[in-house]
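Here subunit A shows up in two complexes: once beside subunit B, once beside subunit C.
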Partner chain A sequence: MQPPAEHVHWLFATGFLILGLCLLAEAVVGTEVWRRRAWRAYLWPGLAFTLGLFMWPVMVFFTSSTLHMLAHGAWAEVLMLAGAVELALVRGKLQSRWWSLATSAAFVISGAAFFVHEQNAWLYQRSAFLHHALGWTMLGAAVFPLARSFRPRSQAALAGFALTFVLVAVFLYSDRDTASIFGHISPQAGAPHR
Partner chain B sequence: MNAELVSELEVPVQRTGRARFVAALGPLTALAGVVWAILQPYRVTLLHPRGQGFWWLFVEPPLLVIAVGLLFYFVVLPGLLEDLEGHRAAAR
Partner chain C sequence: MRRLLLLGGLAALALPAPAFAHATLEQTSPGFRARVETSPRVVTFKFDQYVVALPGSVQLFSATGPISVRRVWTNRRLLEASLPRLHKGAYTVRWHAMSGDGHVVWGVFTFGVRARAPAPTEAYGASGPTRTEDVVRWLYFLSLALLVGGLGFRLLVARRPLPRRFYVVTAIGAAATLNVGIAAFILRSEDALQLPFGRLLYGDLTPIARTRFGTAFIVMTLGFALVTGLLFLSWVSDREALLWPAFLLGLAFASGLSLSGHSAADRGSSWKSELADWAHLSAACLWIGGLVQLVAVVWPLLPELRRAAFLAFSRLATVCVGVLLLAGTYLSVLRLPRLSDLWTSGYGHILLVKIGLVALALAWGGLHRVLAVPAAERGGLLPRLRASLVGESMVGMTVLLVAAILVNAKPPG
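== the complex of A and B ==
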């Protein structure tokens, strides 16, 4: 009883929305206050790692082409990598602030994976638009973890980082298997859903 | 009644701008979900459940957004406000 692909996107959107809200709260109250309770300190890295784990079955069961499979595999790897590095940073196993560059690299690889596996133009159908939008969002948002490497206490960088996940959640909630985008849909895309 | 206790009861909770902002995150998220459900009622399959499969009834985006807002408000926020107030008191 597999869920339709769009439902999987919506479930991931929910995970990213929780992540975004928690990171936004951390940006507002400050990292020192946020990490006063251990479970909160481990929440973002733990969620990122868990979302990466869940991406593997998505790669196996929900991809319809080699490019899709490779892209979802890349997301699984970089989500787990970013989660693991951040876990080690919170735990104190890693000390150097430059390890935050791993998250920045994860964003760049994620963005590239979106571009590589979308063969159609922006207005082909909604998922094509979302792939392009998500790719540019991830690529542009790589600047936030990069900024955190230089200024770990920067609230602006953390807020931008948090809002990136909220935006990704909005994009993923907007996804439909086949649907128009701003009134456009290619006749080759198939019959749109409601 | 002990006058000291009465004065403690009457002290209004002074929330900082940060506390108010964080406290608003959950309700605003839930409100966004409600507005979405009103604008696109067809995304809420509970309103027309007949003939829908498990996943269409289980995964309903506007309801998920409302659930995230409520989860943040009731699970994450109370401890966070407590810690924020504790931090503020320690800094005084």
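== the complex of A and C ==
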């Protein structure tokens, strides 16, 4: 028995919210203060890596279409990759700051996955709107890790990076399996769940 | 080199192009692979969105060919078709419908009237594994060898920390195991659904996920994702003890192939055949993956370890070859009860090619045992030994290719 897709989205929203809040706290107090406790440096990359691991069950259990399956597979891999690279950078296993570009690339791939994932127009129903919004958010937000590759101490880039995850969490919390968006739902989409 | 690997990894991740939001099939009547006692008058599909029927939306096939469906209609989220009276036997239903967003979704399911329903992978029209599937299966074996064999080499042969290249090689194996596994599942689904790739993107894979093959895919994907996580954590935290659970889990999840293949499903299969198949596969992975580590990591980067590693690997390889031969012989006898099957059946022909290649690999390894091991025990190493080890591993990989073709072939009877 599978849980409704919206429940799975809410669980991931919680993960992204914690991740975003950790990053936001780091942006507010500054990286130096944030990392006075060594474990805090591992917090967000570790969480990203774990979210990537948890995306695999979503990929293998929700097989209603090939595209749906492949989209979640791509998200699982980029989350694990971005988390792994950042963990290795914090740990000192990787030295070159250009490795941060992996996170940027992960954002671009995730955004592209959302665009291909959603074939309907923005106002078809709520999930269509959210998929488009998430796609553009991820694509636009790719600039933040890119900026951090060039200016690792930029607080603005870190804050933008953090707020991206908070926004992603808000979008995911707003998801319902079939629901209207701004009072609009296509008659083709079926009956709203609530 | 690292940048190249990063680019390669990202390109591989970009390959699976994602999507969704079309009608999803929630329920059918008769159900997936259901056995019904009386001929159903109507076949019903319930979707989560409104759907529109298209010409030929519902096609029915018996084991011998198509059966005309009387009438197809839709009622909001329901697609229905009235059926003629069906006799005892297995039936395949291929369906497609236009979902609300204008995209056509596709699928297949099977049911039986007073008979067992076949798996969707054996539905009417499914032609069985193709050459592409043979190649994908081979790549899967190679990936497993890099991952499980690499870990086995580090823990059973080297027994000391190895340079970063060890992690690079095993990580390539881990990533490839996950991605090649996905490719294998989609290829099998493509055959079951009988759809070109463009349409397959909107195909419902749930019936295939419910087969023995699909269950193995699910369990192995989850298992190897976990193994990948452990491998990474071991590297990043310098806790090499984590390699043990990664290795043992890798070995355990490799059994998914044995539990979903001929050794589990064919005539005469039992827990003994499943165990033999798993032992056969594990021994091959340890042997070939170990050779790769010896050639790619120890020889170029750890000259001081060459002799000890070669001797220790030689002992492990002897055990692996023994297990390979015992398990392989048992499985061959099980699948080919008559000796004449070897030269009268297609399966037998492939097995003969495999036996020939295994004999070559054994002779190669035997030469190492007779010439190189005594020299190493005396404190020296034969010149050009690395090139010879490369040759042995190449023959081993070719054996895996033939094994992949053999696994996808149907044994006689």
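We adopt the following convention: the second predicted complex is superposed on the first by the 192 of 194 C-alpha atoms of A that agree within 3 Å, B and C clash if a C-alpha of one lies under 4 Å from a C-alpha of the other, contacts with A are read in each partner's own complex, and residues count from 1 in each chain.
Here, contacts are C-beta pairs under 8 Å (C-beta built on N, C-alpha and C of every residue); 3 or more make two chains touch, one makes a residue touch a chain.
All values derive from a computational prediction rather than experimental measurement.
Of the two partner chains, subunit C is the only one that A:Met69 touches; subunit B does not reach it.
In the superposition on chain A, A:Leu87 makes contact with subunit C only, not with subunit B.
When both complexes are overlaid on chain A, the residue A:Leu167 reaches neither subunit B nor subunit C. Between subunit B and subunit C, C contacts the larger number of subunit A residues.
In the superposition on chain A, contact of A:Glu32 is made with subunit B only, not with subunit C. In the superposed model, A:Arg40 makes contact with subunit B only, not with subunit C.
By the touch criterion defined above, A:His131 lies against subunit C but remains apart from subunit B after alignment on the C-alpha atoms of chain A. After overlaying the two complexes on the shared chain, residue contacts for A:Thr178 are found with subunit C alone; subunit B is out of touch.
According to the touch criterion, subunit A has no shared surface contacted by subunit B in one complex and subunit C in the other. On the side of subunit A, the complex with subunit B involves touching residues 1, 3-4, 7, 10-11, 13-14, 17-18, 21-22, 24-25, 28-30, 32-34, 36-37, 40, 173, 194. Remark: subunit A residues 49, 53, 56-57, 59-61, 63-78, 80-81, 84, 87-88, 91, 93, 96, 98-99, 101-102, 105, 109, 112-114, 116-120, 124, 127-128, 131, 177-178, 186-190 touch subunit C in the complex. Listing the residues of subunit B that touch subunit A in their complex gives 18, 21-22, 25-26, 29, 42, 54-56, 59, 61, 64-65, 67-68, 71-72, 76, 79-80, 83-84, 86-87.
Every residue of subunit C that touches subunit A in the complex is listed here, in rising order: 2-3, 6, 9-10, 13-14, 16-22, 24-25, 48-50, 77, 99-101, 103, 105, 175, 178, 182, 186, 189, 200-206, 208-209, 217-218, 221-222, 225-226, 228-229, 232, 235-237.
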